[in-house]
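Below, chain A partners chain B and then partners chain C, in two separate complexes.
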Partner chain A sequence: MSNRMAAFGGPGKKKLEWRRFRYPESLVSYAGWLIAFTVVVFSIEYLNIPLDRILGMLGRMGDILADRYYPPDIEYIMDMDYFGYVVETIQMAYLGALFGLIITIPIAWFASFNMTPSRRFVYPVARLFGMSCRAVHETIWAILFVSILGFGMLPGVLALTLFSAGFAAKLFAEEIERIDMGPVEAMRSTGANLFQIMLFGVWPQVRVAFTGIAIYTWDVAFRAATVVGFFGAGGMGWYLKRNVLQIETERVAAIILSIIVLVIISEALSAWARRAVMKMK
Partner chain B sequence: MAVLKVTDLHARYSAKGPEILKGISFEVEENDFFAIIGPSGAGKSTLIRCINRLVEPTSGSIVFDGQEVTTLRRVELRRLRRDIGMIFQEFNLVNRMSVMDNVLSGRLGYTSNLRTLFRAFPREDIDHALSLLDRVGLIDHVDKRADQLSGGQRQRVGIARALMQDPKLMLLDEPTSALDPKISREVMELIKEMAQELKVPCLCNIHDVKLATECCNKIIGLQDGVTMFSGLTGDMNEEKLGEIYAMEVL
Partner chain C sequence: MTGLSANPALSRVADRVQEDRRRSRYISGALTVALTIMVAWSVDVTVIQDTDWERIGSVANVWEATSHFIGLDLELFPDLLVPAIETLLIACLGTAFGLILCIPAAWFGAMNITPYPPITYPLARLMMTLSRSIHEIVWALFFVAVVGLGAMAGVLAIAVRSVGFIAKMTAEAIEDIDYGPVEAIRAVGGSNFQVIVYAILPQVLPQIVSVVIFEWEINIRRSAILGLVGAGGLGLVFFRQMNTFNYHGVTSVIVAILIIILLGEAISYFIRRRMI
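Up next is the complex of A and B:
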C-alpha cells in the first residue's frame, strides 16, 4: 500500500473499490441489447423483406409520379374557392389549438404530480383523460365526430381540440413537475390556497414554457387540420378527397404540393416564434 | 403566556423511515429571539416546518396563540399560517416575478381568488409593501425581477414578504447560511431590529453558533432529533457546545 493510500485508508480499513461493471445490472443490460438485436434480425427474416424489390419499387414510383402527377395543376388551386378552404383549415387549426390549450391548463395542473389537488383521485383521472386524447388518432376523432355531428367545421374543430389537449397537456404537466418547489413552499406558508399558489408561485415559472408549447401545439394542429377534412370534417382535406375519388391526379398533386408548402411555412414560423419566446426567459 | 408551546414533538417522513424528531419540547415567549442550533441533519428544518405543518408531526402537541395546531383542518390551518411568517435559507422567491409581487405574495392569505387573478391588491397592502421595502433598503429595486438582485438583497425581499403578513411569530430556517459572513451579519442584524420594532417573537435555525450566541436570548441545541441543551444564551458554555457538535467533528 502506498503512503498516500495509507494516509486515508490506514491498515485494517476496508479497501476502496469502484468498477464500471456491476453485477447483475451490467449483465442484464448486455442481455437486453443482445435480445433487441436478435429480434431485429429475426423480424427481417420472418417478414422476408426483399430489399432489392423495395429499391425497384422506388424507381416505379418515380415513373408513376412523373407520368400521372406531373405537371401539378397549379392553376386549379389558384382559385378563390380553394383559397376559402385553406382559410377554413387555418381557422380550424387555430380554434382547435385554442380550445385545446384552454382545457390543457387545468388538465395539466391536475395531472402534475407535485401540484395536483389530490394525488389519489384527481391525478389519475386527469392523466387518464390526457392519455385517452392521445391514444385515439386525430383522424379517428374526426370520423367519430363527423358520425355524430355530420359534415362541417365543427367536428373538425372538436377533433383538433382533443388532439391538441392530449398533446399539450402532457408537455405542460411535465413542465409543471420540473418547477422549483421552494417558492411554492413559501407561499403555502403564508396561508395562500392552491389556486393562489398556482397563480403566484407556479405560473410565473412556467409561463415562457407554456407559450412555447402553445406555438408548438398550433403547428401540429395545423398539420392535423389538413387531413381531418378527408373524413368530412372541413378544410382542404375535403378538396383532396374529392379529387382523389375523381382520379384528377394532377389536381391532387397540386393540392398535396400546397399542403407541403403550407406546413413548411407554418413550421418555420413556429420555430422562429418559439426561439423568440425562449429568448424572453 | 407563551406564544408557542411545543410538547414532546415527534416526526418522521415516512412510516418505515427513521424518526427525525424524538420528543422535542420548548416554549417561545413574547420578545424571544429563540435559536435552534445543531449540526446539519439534526432535524432543525424539520422541527421548524412542523410548527406551521409544512411537515406533519407524527405525535406531540404544538400550541400557538392559544390554539392546538396539530389537529387543525385545512381551512383553519391556512388561517393559522397567515399569522406565522417564514424566511428560508434559499430565499424561495419567484425569480421571474418582480420584487413588488414577491413581497405582495405575503398577503395572499388575506386576498380573494379574484383579486389574486388580476393581481389587484388593496391600496393599503401596496403602501405597506412600499414602506417595508423602504425599511429593508430596496425601495430603488421595486420593479426589478427577483433574479436581478444579489443574495443579500434577495433575503431582504424574503424578510419583507414575511413581515407583509403582520405575523405573530417568525420562523427562520438558517436565514443567512447562503450568504457570505459580512452580509450574513447585516441581514441578521436587520431581522433582529425589525423583530424588535414590530414586537414579533422569532424562532430561528442557526448553524453558526457564534451568530446564535450574539443574536439570541434563548437556545435549544439539537442532535439527531434529541434536545441536548435548552436554556438561556448566558448558560451556554464551550463544554455543552462541544457535546452538541461532537457528532459533526468525528
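Up next is the complex of A and C:
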C-alpha cells in the first residue's frame, strides 16, 4: 500500500500552500470543476437516471433484502461439495497468480524505463502488453478462454494469469524504476551482461518489494477468482451462477456471504504476510 | 573471530545473529517446500485432472479456435458508438455517486475525526471492506435484481464498488493532516462541521481528486463488463456478439473497450500531471 500512497501524494508530500485567487490557475481549476459537474448532469440526462426515485429505491432495496435474501441458506453451503469448489477457487487463484508472476518478471524488466534492454523497441511493446492485460477485464479474458478451451478450471487459470501479470507488472516495473542505479553502473563498468546486472544489481534491491507485490497479487487474484467461474471457468463462481439462474436467492445470499468471509480472511492473511516480509527487510 | 569471542557481550550478539539467520533459513526452507507442494497439487487438480484434454485436442485445434477471433467486424463499429458513450457515462456517474457515498464512510473511518470511535469507526471499516470484497459482477447482479435491467443498476454497482477504495485513501489522507489549521479554527470557536469544511477539506482535496480520477479510470474498465449481467453499455453488445458467435464482432467490441480505456488513461494522466 505504501507505494500507492506515494503515488497519490501521501505522507511526505510537499507542504500545502494557502493561496488566494490567481489568474490562470484558479480559472483552470474552476473550469475543471464546471466540466466535471456538466458531465455528471449530462450523464444523468443521457442515461435517464430517475433521481427522484433513488430514495424510494433504497426502501425497496431493504424490502428485497429482507424478503428474498434473508435468511441466507447457510446449510446449503455447509457441505463437502461446496468446500471442494472453494478449494478449487483457491487453487485457481494460486496458480493464476503464480504463472502471472512468472511472466511478470521479464515484462516488468522490459517495461521499466531505466533497465529495459531497448528503449525504442522492447519498452513500448512490453508496456503495451502489460496495459492490454490490465485493460481487458478478467471476466472478458475468462469468456474468451472458455470459448477457446471449453469449460473447466484451465481457462480460469489462464484468465487469472493474464490478469495478475498485468496487475503485477505495473507495480513491479515502478519498483524497478525506483532502484538505486549505483550498483548497476558499477556492474556495467566491469563489463557485466544484462542478465548479470539483473540478477546481482537489480534483484537484491527489489526482492522484498517483489515478495510484497506477489502476496498482494495473490490476494487480488483470489478476489477475481471468485467470479471468473461465473462465465464457465470453474470454482465458486459456477456455483453462484447456477443458483442465480435458478433464482434460489437465499442460497445466493449464503454464497455471497461465504465469498465475503473468504475475501476478508485472505485480505487479513495477506496484510499479515506483507507486514512480516517488510520486517525481514 | 578472535576479536569477537574476546568480548562476551559481542559474542552473545554474534550468537544471536547466527541463531536468527538459522531460524529464518528454516522458515524460508519450510515455506519453499510448502509452496512447491501446493503448486504440484494445484497443477495436478486443475491442469491434469480437471481439464478435458481430448476435447481441447491438439495445438492445431486450439489455434483454429483462436483464429476465429482474429479479424475485425468493421460494420459493427458505428453501432458501438452509443454503447461506448453509455459505458463512459456509467463510469462517470458511478464515480460521482461513489464519491457522495464515501463522504460518511471517510468521515467515520478516519480515526481522528470519527464522531464516536467505538461504534462509527468499525462501522465505516466494515462498509469499506464490504464494498471492496464483493466483486462488481456480484454487486451488479444484486442491483439488477433491485432496480431492474439498465444503466441504473450499473451506476449503483459501480458507485458501491468504488466507495471502499476512495474512502480508504481519503481516510488515510485525513489521518495525517497538519493540525495547525484545525486548532486555529477551533480557537476562534468553529464547530466540528466548520473544522471539517475549512481546515480538513482544503488539505485533503488534492489527494481526493487524484484518487477519484484513478478510480474513474478503473471504473471505465468495470463498466465495460457490467452489461454481461444486464447493466447496459459495451458489455451487453459483447454478450450479444458472443451468443450469436460473431467472433469478429467480439474482437471489435474488445478493441472498442481498449480504445475508451486508453482514452480514460490519457485523460487521467493529463489531469494528474497538471495537478502536480
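Note that the second predicted complex is superposed on the first by the 229 of 281 C-alpha atoms of A that agree within 3 Å, B and C clash if a C-alpha of one lies under 4 Å from a C-alpha of the other, contacts with A are read in each partner's own complex, and residues count from 1 in each chain.
Just so we're on the same page, contacts are C-beta pairs under 8 Å (C-beta built on N, C-alpha and C of every residue); 3 or more make two chains touch, one makes a residue touch a chain.
These numbers come from a predicted model, not from an experiment.
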item	value
Contacts of A:27 with chain B and chain C, given as first, second, both or neither	neither
Chain B versus chain C as contact partner of A:143, first or second or both or neither	second
More chain A residues in contact - chain B or chain C	C
First (chain B), second (chain C), both or neither touched by A:78	neither
First, second, both or neither for A:259, with chain B first and chain C second	second
Partner chain(s) touched by A:91 [first = chain B, second = chain C, both, neither]	second
Partner chain(s) touched by A:244 [first = chain B, second = chain C, both, neither]	second
Which of chain B and chain C A:271 touches, first, second, both or neither	neither
First, second, both or neither for A:191, with chain B first and chain C second	first
Intersection of chain A interface sets (partners chain B, chain C)	none
Complex interface listing, chain B residues touching chain A	52, 54, 78-82, 84-86, 88, 90-97, 101, 105-111, 113, 116-117, 158, 161, 165, 171
Residues of chain A touching chain B in the complex	180, 182-183, 185-193, 195-197, 199-201, 204-205, 207-208, 281
For the chain C and chain A complex, residues of the former touching the latter	24, 38-39, 41-43, 45-47, 50-52, 55-56, 62, 65-66, 69, 85-86, 89-90, 92-93, 96, 129-130, 133-135, 137-138, 141, 145-147, 151-152, 155, 169, 172-173, 176, 178, 202-203, 206-207, 210-211, 214, 221-222, 224-225, 228, 232, 238, 242, 250, 254, 257-258, 261-262, 265, 271, 274, 276
Sites on chain A touched by chain C in the complex	4-5, 8-11, 15-16, 18, 28, 32, 39-40, 42-44, 46-50, 57, 60-61, 64, 68, 88, 91-92, 94-95, 98, 131-132, 134-137, 139-140, 143-144, 147-150, 152-154, 156-157, 223-224, 226-227, 230-231, 234, 240, 244, 249, 252, 256, 259-260, 263-264, 267, 280
